[in-house]
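Heads up: the structure comes next, in structure tokens.
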Amino acid sequence: MEKILALLKSRGVSKQDIIECVYFLQKQYHDSLTSEKIIYYVDSVLNKREVKNAIYTGIALDVAVEKKILDNKELEAIISNDDGLYGVDEVLAYGICNLYGSIALTNFGYIDKMKPGIIGKLNRAEHTSACHTFLDDIVGAIAAAAASKLAHDKE
Amino acid sequence: MEKILALLKSRGVSKQDIIECVYFLQKQYHDSLTSEKIIYYVDSVLNKREVKNAIYTGIALDVAVEKKILDNKELEAIISNDDGLYGVDEVLAYGICNLYGSIALTNFGYIDKMKPGIIGKLNRAEHTSACHTFLDDIVGAIAAAAASKLAHDKE
Amino acid sequence: MEKILALLKSRGVSKQDIIECVYFLQKQYHDSLTSEKIIYYVDSVLNKREVKNAIYTGIALDVAVEKKILDNKELEAIISNDDGLYGVDEVLAYGICNLYGSIALTNFGYIDKMKPGIIGKLNRAEHTSACHTFLDDIVGAIAAAAASKLAHDKE
Amino acid sequence: MEKILALLKSRGVSKQDIIECVYFLQKQYHDSLTSEKIIYYVDSVLNKREVKNAIYTGIALDVAVEKKILDNKELEAIISNDDGLYGVDEVLAYGICNLYGSIALTNFGYIDKMKPGIIGKLNRAEHTSACHTFLDDIVGAIAAAAASKLAHDKE
């Protein structure tokens, strides 16, 4: 898991950033929700093979667009501008959420609109130099998945 | 489509209620968004066979729970209480949203948390007499689907 | 889990039937694949809350259709005839498969067309007396999910 | 649509190849199923924005892996070898199928295992020179989607 955390860090996302997103989603349902408790669920999500592959693939696309190395320049422009109707970034995010059930999907839809913390920051980043089209959805999906697992375990 | 509208009406949901949910989701992206325009998209969603089947099935379950005619009394209690971790109501809703792409799913997650208009009303209804566990998600899904189609057509 | 196994048994499906479906999906990838090994994965799938809820709900619909107690007689006829375009039975099945990743979905599509063992038997059952429209897809989804988990653990 | 057909052609897939995959999926349900009839449905699928974006993105990843230009060399190896547990290629394919309902998903699972025509050819291609990890699933998804739309229209 160190590798995936290092990759996220290199793209501007710390584990603490993800923890804060989970806290945003779950705080109202818990009297005392600590970072220590949330970490367990974030780690669990990040350790899953299909989650890792989705993260690697999404970030690879973001980086390729930043470096302008894709053959398809029209696609590069669509991803670079984070076109609201592109949709493939959300498809990858749902590939993560689906593994954690229907509550994870609902959580994702909510956090994707509210854009708390790091998600808003990635979304507002200057599109000319950096591309986080996949990353902001991936972070939302990781948080939504961890929050769903936390909710299921609570009961 | 008259039949499906009559069924929704008999369960407390008018076409105008759904239009208001679509408006809630789309107002910020349009300068002038009229009911007339939204109606076209709501009708289009309600006319789709798989959407109709999901509506019929979800409402049939709500009604069966109200009438207490299911064999499985434990399941009846779970649905009657709208247990947050039940999940099958959202699965049916996603069956509708998926037909309209990833934006519909995101819209659904958002509206399901915000519970505007009729969705909040259904959700707050007295659980001892009425059961709207499937219906509130179905209405959210119809609105999310119509809003997604509207967004795609706008461009 | 005893309760869910008893319910499946009462509808004509034994644990051994499910094991054979998993074997059908995985035999070509393993030199020696025993029932003992497969049982672990079937149990694991059947113990998951969202899986249980999908099973309970699908069977409740099958039983309600058999007993002819649904208000909506048109829906009752569609489910009773296992109309190929109904689709809600598969939506419920995907609610199970999605939890086990994309390989589970592919496995489901394959087993749903091939209809080995108990799935074919349920599918061919006399529609006038029994209704297994949801059950055959649910059994396929359980087997597809268990096979997917087995494949992921093998590596 | 000429652009997407040209792109597919440049990767070894003709419209006729896709038509044959649809025929494979639907022949048993029709007395007389002609290429002319199938073309309408293939065109309709290929004209959908979200389908186009999934095709563009999947092929961009295949090409980037062939050219060895991705930063993440581990991911490059996983995609290049078409690792059965990678899963993101299927996630993209489901992003297409979901738009066409649950029957499209079942069709995809079946065709992905049977690998008729072009799908088998892409799958057997020498992995050292060409990468079709995303393309074979994308072609399967286009065919599954077109077959599902054809089945719905038939009734």
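The chains carry the letters A, B, C and D, assigned in the order they are written, with residues numbered from 1 in each.
Simple rule for what comes next: a residue touches a chain if its C-beta (ideal position, glycine included) is under 8 Å from a C-beta of that chain, and two chains touch if they have at least 3 such contacts.
All figures in this text were calculated on a predicted structure; none of them were measured in a lab.
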Discussion item. More than half overlap in residue numbers between the two sides of the chain A-chain C interface, or less? Answer same or different.
Written reply: same
Fill in: Pair sharing more residue contacts (C-beta pairs) when B-C is set against B-D
B-C
Item to complete: Indicate the whole-number Å distance between the mean C-alpha point of chain B and the mean C-alpha point of chain C.
Response: 27
Fill in: Interchain centroid distance [CA atoms averaged], chain B/chain D, Å
32
Practice prompt. Indicate the residues of chain B shared as contacts by at least two other chains.
Written response: 49-50, 85, 87-88, 91, 94-95, 101-102, 152
Response to the item:
Touching chain A in the complex, chain C uses residues 49-50, 95, 98-102, 152
Discussion item. Per the contact definition, I'd like the list of chain C residues that touch chain D in the complex.
Written reply: 84-85, 87-88, 90-91, 94, 101-103, 105-110, 112-113, 151-152, 155
Fill in: Sites on chain D touched by chain A in the complex
7, 49-50, 53-54, 56-57, 59-61, 63-64, 69-72, 74-75, 78, 85-88, 91-92, 94-95
